[in-house]
Amino acid sequence: MKINLKVWRQKNNNTEGKLVEYQLDKISPDMSFLEMFDVLNGELTKKGEEIIAFDHDCREGICGSCSMYINGRAHGPQTGATTCQLHMRSFNDGDTIVVEPWRSRAFPVIKDLMVDRTAFDRVIQSGGYVSVNTGSARDANETLIPRSIADEAMDAAQCIGCGACVAACKNASAMLFVAAKVSHMAVLPQGQAESTERAERMVAQMDAEGFGACSFTGACSVECPKSISLDHIARMNREYLGAKLTSTNVQG
Amino acid sequence: MAWVTQTLSSSLGRKVIMSLTGLFLSSFLIVHMAGNLQLFKGDNGRAFNEYTYFMTHNPVIITVSYLLYTSILAHALMAWVLTRHNQSSRPVKYAYSRPEANSPWSSRNMGILGTVLLLFIIIHMRTFWYEMHFGSVPMAEYDGKQYKDLYAVVKEAFSQWWYVLLYVISMVAIGFHLAHGFQSGFQSLGIRHTKYTPMIEFVGRYFFALIIPAAFAAMPIYVFLQVHGII
Amino acid sequence: MNLESKIPEGPLAEKWSRHKFGLKLVNPANKRKYDIIVVGTGLAGASAAASLAELGYNVKAFTFHDSPRRAHSIAAQGGINAAKNYQNDGDSVFRLFYDTIKGGDYRAREGNVYRLAEVSVNIIDQCVAQGVPFAREYGGLLANRSFGGAQVSRTFYARGQTGQQLLLGAYSALSRQVTNGKVKLITRTELLDVVVEGGKTRGIVTRNLITGKIESHSAHAVLLCTGGYGNVFYLSTNAMNSNVTAAWRAHKRGAFFANPCYTQIHPTCIPVKGDYQSKLTLMSESLRNDGRVWVPKTKEDAEKIRKGQLKATDLTEDQRDYFLERRYPSFGNLVPRDVASRNAKHVCDEGRGVAATGLAVYLDFADAIKRDGKKTIEAKYGNLFEMYEKIVDDNPYEMPMMIYPAVHYTMGGLWVDYNLMTSVPGLYALGEANFSDHGANRLGASALMQGLADGYFVVPYTVGDYLATIGPADKVSVDSPAFKEAEQHVSDMTQRFLSIKGTEPVDSFHKRLGHIMWEYCGMSRNAEGLTKAKGLIQDLKKEFWSNVRVTGEGDEMNQSLEHAGRVADFIELGELMVDDALARNESCGGHFREEFQTEEGEALRDDANFTYVAAWQFQGENQPELLNKEPLEFENVKLTQRSYK
């Protein structure tokens, strides 16, 4: 296959970036999208040009590192998959493919296609946990958790934190990411004790990071590699309103 | 009261304001449409004018109308605040983006649709509400009682083709606005359930996005055709 | 050099309790006077950092990822073992211990393995309390599945994403401590040297991957939780950035490297497709619970399949060879990984492999789907099937999966004593980075168990003992000569990479190293091949240092430079692996020497001469390493030929 690439090149966060064109031939349809980038970087190295920086690691769709906006869509044309799970057979010979980094105020570009997603970590740090010290847990089977509840928690918990929801949202909103964590904890009995505080704190942190609000377009869920449902956003809205109306925190 | 302002200025709180005002405005549309159906009565406006009189004199309705004006303003103002915030959340835009692949057009263009509706509301209120309250509306007499003949104002306005067209276009806009807005309002309040969400979506899509705008659009068309003697 | 394992005296079941009692404690008010560095934030690192912070120590946690949640522990699919015996099927701590020792082909320490089995039950409790959504039965109790090398159901799981859920649990505990101010999280920062002075570990030197800045961090103790070195083979199921650099640089500063040749080849991976391939994808071992492994009985049929003239489903039952069920009737498809892998290689070497390359066997779910229905199979393995379909473009519900062994885990690692301390005082190694618990072969669902055992339940006790011994004042400033020397060393190395300006990309050297390792030091090895490999690696090393091309600069984000440093270390490690494989004249677990096998082709151990841990000591650049032997003593199990028949 022959592929024309337009890739966003940006030296660092303080400089302007631009789309640069590259031509590749002899691309196999069985190659993964990132392997195609490996080939390109190999060629750039041989020419003495600087390679294209991009985040990637597990290359099996679970670590959440890869983060390319491909042909106008987060993680490219395939749904329910990450960039690393995309294969060149999804494209046609001679196609032009535009590749950009995630765009969000909360995700500043580090270099080329690499962005800083530590905003997500700060949101988790604000309350995405159960306060239990090592060694203080009781027997795992003492709390019964019906299968349906465990399944629902897992549906939310499987979020890989890639940020495609933010990238795809017209408002660069992180609602799906935050809701997945709030919802995971909210349905499980272990999460109950702190559920009020958690919703308040995580939403406050999400806002502080500069993410947009939810317009309920559904883009996030469609582009989510784990197809996390909008139900979780509704649950977070419920949790948040409930928390705000019932908590004793009068300061905000 | 810090928590109240804090809550209402959070991204979720703002959406709650949008939701509550939006759903209230939606419910108003039902009443407004039901009342305006009097136009189809063919009694040369008597039922319509009597209805108008009731609406402008009943203390409950008057109170609710102030709530309505507030809601329109709050909805528009909050939309403006949210839009500004949302746009600032992505200072560098994508060079190439295909949002149509993952979301309906109406959901992404609520701001534009809303702006169209706001302009419409201004024109609409100038033509009828302002005339009714502050203008010189001719009088009509039914059973010895004087009524403002708003029907005459309606007839005059809807006799112009471009004015009718403006209404029809605005009703299309309201259809799209509500196709997304109605169900979205419930989502913002966290009302989402396997059993009830499909019902909400059905009502939103067919009643609010189709039947109500169609009924409203039929009014100017009907009057236009009648005035010009086509029917 | 005398290697002291510090295994406590006394009966097996009491060793850990007695040892814990004997360990010195740091009083609660003094804990805040100690600084601990944790490198790596996978299961071992995140759990250790969180637990130590909970105790009150000041922790600095480093990751080269943008977030702790990206660590490769996240990719573990199948599950985590624990001797809970919730299924009432005869499991016990002793049985888990026994299975692990036997599965490891009697090349692990009894004391360590027993402790691992003992704390396994606490891990499940801890994780559930954190909100890890393990699979449940309808009534709400925890569900279990069975795994290779065991005849009981003791594996806890969260769909096919157990590692992810456990890591997110540990990550949440870590995040809580970041908020509490007890953990300082330092991301996108890579360890490039360990600072040792006065016979003790003093800290580390790192490179900020965004700015390229070389920085020193001083502490009372350093914990390396940096994972395994499977990427020495280039193609492996490890993540692209998994590397040996932290462990290797520690090795060069005095930490012994133990059993480097013990490599686990996982039997169920998606076969290699082409030369461009960058990594291999694992299909969870749990698939072997319901999938049946087979190849065509005849070479002729296999060849037709390879040419695309026949499909798997065209072959009738009697044209198929379910070779694992045939050879191992009692364990069948659930034999340990090394056995399953070697058998797959064997049938492919016979010319009965499938796929265009001939390097694949079938894993067939047709019977399971017929027996339990598609819905049940989908519930168990749905996401794995989806993953397979995305990569191979073939529907495993209709067509048997194709699998082939691939490098997955490395049992070898930094030598540690019972306290998880390396041979350098104050330097610890946890999780896959150490060598300790799996012997020559790791059982499925035991890596997660070990990582969390080390981090949650072992190191929080044992580090205290060391800290109490040295006292809070025994710390060296980052301005001291030892740190400055290490910083200089790191800067020089960066400059050296950038100044070579050769013609060959780093990746290409990595690939070439991988080929050598897989060919001569992979699933089966022999003295001749290993000797040849040693020469090839030495040549490759010379070529690397004269012709590698590193693009970009040192003071910016530079993935080419990062990779170069890692490959340089892999090359050196590769040579040591070959040395170790050559020195171990026996077959055991993941180390299969063709010269040493039974008539049936099973691994043949030499217990008289090789019941030891090979701990290699660095002697200087381009010097042969020194082999130290730690004898393994077995008091509670009898060494037998492993049999899964």
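When the chains are written out, they are named A, B and C in that same order, and each has its own residue count from 1.
Everything below uses one rule, namely that a contact is a pair of C-beta atoms (placed from the backbone, for glycine too) under 8 Å apart; a residue touches a chain by one contact, two chains touch by 3 or more.
Heads up on the chains, UniProt names are A = Succinate dehydrogenase / fumarate reductase iron-sulfur subunit; B = Succinate dehydrogenase / fumarate reductase cytochrome b subunit; C = Succinate dehydrogenase / fumarate reductase flavoprotein subunit.
Here the structure is a predicted model, which is why all the values come from computation and not from measurement.
Asks: Which chain has its C-alpha centroid farthest away from the centroid of chain C?
Replies: Comparing chain centres, B lies farthest from chain C.
Asks: Could you tell me between which two chains the number of C-beta pairs in contact is largest?
Replies: Highest contact count belongs to chains A-C.
Asks: Round to the nearest whole Å and give the separation of the Cα centres of chain A and chain C.
Replies: One centre to the other, that is 27 Å.
Asks: Could you tell me the distance, in whole angstrom, between the mean C-alpha positions of chain B and chain C?
Replies: 63
Asks: With chain centres taken as the means of their Cα atoms, state the distance from chain A to chain B in Å.
Replies: Taking the average C-alpha coordinate of chain A and of chain B, the gap between them is 37 Å.
Asks: Going by the contact rule at the top, pick out the chain A residues touching chain C in the complex.
Replies: Of all residues in chain A, those touching chain C are 11-12, 28, 30-32, 34-35, 38-39, 41-42, 44-46, 48-51, 53, 55-65, 78, 80-81, 85, 87, 89, 110-111, 114, 116-118, 120-121, 124-126, 128-141, 143-147, 149-151, 153-154, 157-158, 160-161, 184-185, 188, 190-191.
Asks: Sort out for me which residues of chain C touch chain A in the complex.
Replies: Going through chain C, the ones touching chain A are 47, 50-51, 54, 65-72, 74-75, 84, 86, 122, 124-131, 133-142, 158-159, 161, 164-165, 168, 171-173, 175-176, 178-179, 185, 187, 210, 239-241, 273-274, 276-279, 281-282, 386-387, 390-391, 393, 456-457, 460, 501, 503, 505-508, 549, 551-552, 556-557, 559-560.
Asks: Over in the complex, which chain B residues touch chain A? Could you list them?
Replies: Touching chain A from chain B are residues 1-3, 5-7, 10-16, 82, 85-86, 88-99, 101-104, 107-108, 110, 180, 183-184, 187-192.
Asks: Provide the residue numbers of chain A that touch chain B in the complex, in ascending order.
Replies: Residue list for chain A touching chain B: 6, 8, 19, 69, 71-73, 77, 98, 100, 103-106, 109, 168, 170-173, 203-204, 206-207, 210-219, 222-223, 230-231, 233-241, 244, 249-252.
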